[in-house]
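What follows is a set of structures for review.
Across the two complexes that follow, subunit A remains constant while its partner is subunit B and subsequently subunit C.
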Partner chain A sequence: MTALLNFMEGSGNPKMPASQPWPEDVILYQQYQVEQITLPDYSQCLAVEAFLRMSGLLFRVEQRTNAADMSPTGKVPFIQVGSQLIAEFEPVAAFVASKGFGLSKDLPEESVAEMRAYISMLDNILSNAEHYVAWLVPEVVAEVTKPRYGCAYPWPLNWLLPWLRQREVRNFLTVKDWASKSLEEVVAEVKTCFRALSEKLGKNKYFLGTSPTELDAVVFGHLYTLQMTKLPGSPFCAVTKEYENLINFTKRIESTFFF
Partner chain B sequence: MAAEKMKLDVWKGDWGLPSVDPHCLAVLAYCKYSGVPVEVNKTGNPWSSPTGNFPVLRHRGETYCKITDIFNYLRKEHWGSDFELSTKQSADVVAFSALLEEKLLPALLHLWWMDDKTFIDVTRPWYSRAIPFPLSLFLPGRTQKKAELRVNLTKGGENISEMETETKVYKEAKECLNLLSYKLGEKQYMFGRLPSSLDALVFGYLAPLLKAPLPNNQLHNHLLQCENLCRMVNDVLVTFFPADLREMEEKQKKEEQQRARTSSSENSEFPNRRRNMVLAGFFALSAMAVYAWTSGLIQIQISDLDPAPSPAPSTTRKAQAVKGEEN
Partner chain C sequence: MQTNQPCKTGLDFLFCIEIQQFIITKLLSDQAVAAPPSGIINDSQPTGIKTTSTPSAKKDDNVVKLDIDKLPVRVQRIVVDGLTRTKDDIVIKEIKPLLNAKTFDELVHLSYNAKVKMERLGLFKNVVIAIDVSKDNKEYGYEVLFEVQEFRRVDGGIHTSISNNDGSLDFQLKMPNILGRGERFSLDYTVGTKRTHGYSAYFKKPLNNNPDIFLGSTAYQFHGEYPWSGYKQTDRGVAFDLTFPTILGSHNIQWEGVWRDLRALARDTSFSVREQAGHSLKSSLKHTFTIDTRDDPILPTVGVLWRTSQEYAGLGGNVEFAKQDGMFQWNTSLPLDAIFQMSLAGGLMRTLDPNTSVSISDRFFLGGPLTLRGFNLKGCGPHSYDNALGGESYWLAAAHLYSPLPFRPGKGRFGELFKTHLFLNAGNLGNLDFNNLSTSFQDFAASLRWSFGCGVVLCMGRIARLELNYVVPMRVQKGDKANPGLQFGIGIQFL
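This part shows the complex of A and B:
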């Protein structure tokens, strides 16, 4: 219950005065990156991590097998600040902005509108596509997702929990009208999204203006995950290699903020 | 071969709109923007639709039910104004369409189908009137369940209560309206002078919110504050759908006339008020009287007041009268 209240404080319109000092011990929780985490979760975790790094804030990453169960919304990643738990990208971004460290505070209104629109496009298309590939394409489910998702549990939980999760994801994609799509249609959607991103980026260093914004963090999370993850059948391989400027963008973000 | 005309089935209109459904409105607006030769069939009978919902576009034996499919098909047939846009603007169309679906649609679903007051006062009566009898019993319920599932699965979760979901959904929708308002600015349409498929979508989502007789609603009030969005919706209605506006004006005039006729007595909400009061009072009185009589509280004896006169003199009087007549 307290966790829930804390979440409300963090995600609801925070009324804290701006420019407080950044708290010392901020922990980002996620699942085990090498052995356990699934494709859609990884892109979300990476987006939050990139965002915190771009803001120049101090934090440390803790890997837990039960990170999803610790999270107030049931989704990874979440950050712990003192007694508060804040989960998912948008509430985290709102929390950071309320402390006076936001990336988009100097943007004109129209650019903020574009930023939000592109972030929803990524959430809407790429995140759905990642869920689709990870949980509904039979060979990926059997060879990658289910073994990874269940790796932390003993038998029979390592069989039961992935199955329950798969059912959940399928329901989620059904209400979004994605479950009935074929893999080709999903890849076509992803391609539309990549083309739009590539056009938006053009030859710029960042998507909006000369400094990184939330949008750059979210784009990096998704693109890096899609480019680096090896999947059986590699459905997104051709699409990710098609747009030169997007590949350079992820390389640049990685070398600027992750080392 | 002569080009076969496209056929478009949409939900019926009301409140001065060509249709009440956001997606139907968007397709209609898109067709009007680019002058697609389409035969529009406004109906309330989803029996012929493969999904039980509208819009449905039929052309050359193919059927398209989803709005994205319809737009894609029309674009493929080179209808539409999106070709005038630069590649960057096309990217913006994709992004803002996603924004609408992600942030505004859940709030609209919540408003129409999950907000108890609106559902009982507006949505359910409207659909049960529009849909013919056997279907009207279960189709609104099915759509409601679908809307609930969609909102709860995408915006809620196991650990989040219904109230929190509602707050979140409306907060996001209001933000979305603000963002659209920034994007539109003082321009006529989102990308200058020519309407695009994004304008069609925005119009579709906002027009019912603006025009429907919703019980006092936060989203409606918020939209009224975004003046440039209201202006755009009204402009589109006046420019592209004048017939529906005229229809509504006529209907309103007729209703007003009727009201003027009936409200000559003081209260127009209750016509024949005095008559009903008199009837009710009469009924109550007679019911009390009947009860009193049957339970024996009052007894009625039927008797003449004066003592019964002897028969003999009356006959003689009659006889005299008869005689008198003869004289």
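This part shows the complex of A and C:
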């Protein structure tokens, strides 16, 4: 959060030095998208990718089976700029802003505060829900998450490592008081979150103003992942279909920035 | 097996003591004898016995002087006293040959051999042999008493061990002879100075009652940090091995399955190292062949060490390579207590999976105060931002001339632990291109590193070797971390 804070302060400061040239060879590392990546990691990677694309910055994506192990924080995605490595959404956004390319540098201060509030809500609810569904719903774990997480490893690591990861996620969710929730409760939380987002978006193109911001990138990462990933039992199917403006939003972002 | 105490009275008792003394003196004078004499006894031996038994004869005039060597013997009874958990069958197997003893000399040899073998098998801490005339007064009837002392069921210890420029404290809990047939189980916890720590459990079982042939199995977890390469690694593994001697040397065949978790050590770890982070599973078969005729592993004066190993990784797991490593050391004594030592080492490895290269944790490294002196630890060869990347092949040669300290202070005492030496080291580390061998061999020869110097070597028991040298690196390649001038090294492996 400190990184985000710094970046907010930086972006709010009109005396910031003029933008430096964007480094040439920026690489975004993530796991293999088709075979390997798990639901919560995928939404994080998509958010960072969308953010970089929205900022109009050049980069290339490199897929590595050990991307999370390579990352300085142990989480994907991370970008490599020269010898620097920056992992996760907020530090990446801060880094980009420090180079003078931030998406929210022209936003008024109250919008920045609002954006922060929404991003923190999304982090609390949607990524917890993604972790919950991916690692605590038995049929999803058995049919999707564990095989994908273990696909890069030989036996017996292909069952040992997913099992260790599941234990880790369960502890993480227990601390956040999410592990004891039922799937219905989780879906209800997601629904609340979606309703808030849908109301905030209304008929606008983007969440804040007329151009995309960090919030749009984060929302896109989560929404796209939840809408497009086919899971056994499709727990989020009904919820995602309920809010048409959100569906159109992801479609629009996808077609504007990804193709 | 009878375990009751034989009664010892009168003359029998004295005789028994006399024989025990005889055995002890005889053994001291004749330790080289390993195999029982086959039947006929040499003429020279009786004279030896007379002399050894005379001093004790002075003490007591009642002692019956006999030419006991040629004394015919019929062993009637063998008593082993002190057995608790050792199994009968293994002891019977060891002492059965005694029943075939024809002469007293043979009986003594066989008894001694049985004692040594049972001690080497790890059955007993101590074995005392008493040979007595048989109580039922049959002609030439004897009985043999083995008073054995078993190990404690559980024993513990704390000791220090030294690997290259790293000391560690080892806590050990061992259970010798745990199942009664020389099996040994131990649990170890080791903690090192460089944030290394590990646990291991080890089980060893001699096969076919032979202490030189044994099966070993181990399960371990070890965490090590490798600052010269900027990574840390946690190894969790199991290994099974078989050790057996041949006429030439000792063989060891090992299978090892190890799960390795490699992580970057710091934020500034080079990306070339960082991108190798993650989990890998190595399942490998390794054969090691050793001949060691040296008189001391740390400061030998004579003898040869030859050690080669072949490792094949790729029986399952996701690490595939073939590796060949070897070393040779030759020592010879020169006039004026000087010693000349020459060592050669070299290794070669090759990935068997064309899509990957050999991981940094399997590669060869070169340099250090006990190997290629004049360079930092693992300071030779390819580097990326201060992190040594290692190589897939290396060679190393060293020549030493050792001599005692000038003016010989502490001669015959602590002074013998010190030696001065002049040395010359040369070596190289790199990657061979197998498609273009002749050019890469030329490059390999052209880019060699060498250094020379002199210094003092201290031998710390059989644990470690300590060197303080003044070194002059003569050829240094780009990227190497040379360390000219004074260099201090401690460790057990050296060249």
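Criterion: the second predicted complex is superposed on the first by the 241 of 259 C-alpha atoms of A that agree within 3 Å, B and C clash if a C-alpha of one lies under 4 Å from a C-alpha of the other, contacts with A are read in each partner's own complex, and residues count from 1 in each chain.
The rule we apply is simple: a contact is a pair of C-beta atoms (placed from the backbone, for glycine too) under 8 Å apart; a residue touches a chain by one contact, two chains touch by 3 or more.
Small disclaimer: the values here were computed from a predicted structure and weren't measured.
Enquirer: Would subunit B and subunit C fit next to each other on subunit A once aligned, or clash?
Expert: fit
Enquirer: Looking at A:64 after the superposition, I want to know if it touches subunit B, subunit C, both of them or none. Which is it: first, second, both, neither?
Expert: second
Enquirer: Could you look at A:229 and tell me whether it touches subunit B, subunit C, both or neither (first, second, both, neither)?
Expert: In the superposition, A:229 touches no partner, neither subunit B nor subunit C.
Enquirer: Once the shared chain is lined up, is A:192 touching subunit B (first), subunit C (second), both, or neither of them?
Expert: First partner only.
Enquirer: Taking the superposition as given, does A:38 touch the first partner, subunit B, the second, subunit C, both, or neither?
Expert: neither
Enquirer: When the two structures are overlaid on chain A, which partner does A:123 contact: first (subunit B), second (subunit C), both, or neither?
Expert: In the superposed model, A:123 contacts subunit B only, not subunit C.
Enquirer: A:110 in the overlay: touching subunit B, subunit C, both, or neither? Say first, second, both or neither.
Expert: Only subunit B; A:110 stays clear of subunit C.
Enquirer: Just subunit B (first), just subunit C (second), both, or neither: which does A:98 touch?
Expert: The answer is neither, since A:98 touches no partner chain.
Enquirer: If we overlay the two complexes on their shared chain A, which of subunit B and subunit C does A:72 touch? Say first, second, both or neither.
Expert: In the superposition, A:72 touches subunit B and subunit C alike.
Enquirer: Which partner, subunit B or subunit C, touches the larger number of subunit A residues?
Expert: The partner making contact with more of subunit A's residues is B.
Enquirer: Rounded to the nearest angstrom, what is the minimum C-alpha distance from subunit B to subunit C in the superposition?
Expert: 9
Enquirer: Just which bits of subunit A does subunit B share with subunit C as contact spots?
Expert: 72.
Enquirer: Note which residues of subunit A are touching subunit B in the complex, please.
Expert: 4, 8, 11-13, 72-75, 109-110, 112-114, 116-118, 120-121, 123-125, 171-172, 175-177, 192-193, 195-197, 199-200, 202
Enquirer: Touching subunit A in the complex: which residues of subunit B?
Expert: 66, 87-88, 90-92, 94-96, 98-99, 101-103, 146, 149-150, 153-154, 157-160, 164, 167-168, 171, 175-176, 179-180, 182-183, 185
Enquirer: Applying the document's contact rule, which stretches of subunit A touch subunit C when the two form their complex?
Expert: 64-66, 69-70, 72, 80, 83, 85, 153-157, 160-161
Enquirer: Which part of subunit C faces subunit A closely enough to touch in the complex?
Expert: Touch list, subunit C to subunit A: 259, 262-264, 267, 271, 274-275, 277-279, 281, 316-318, 385.
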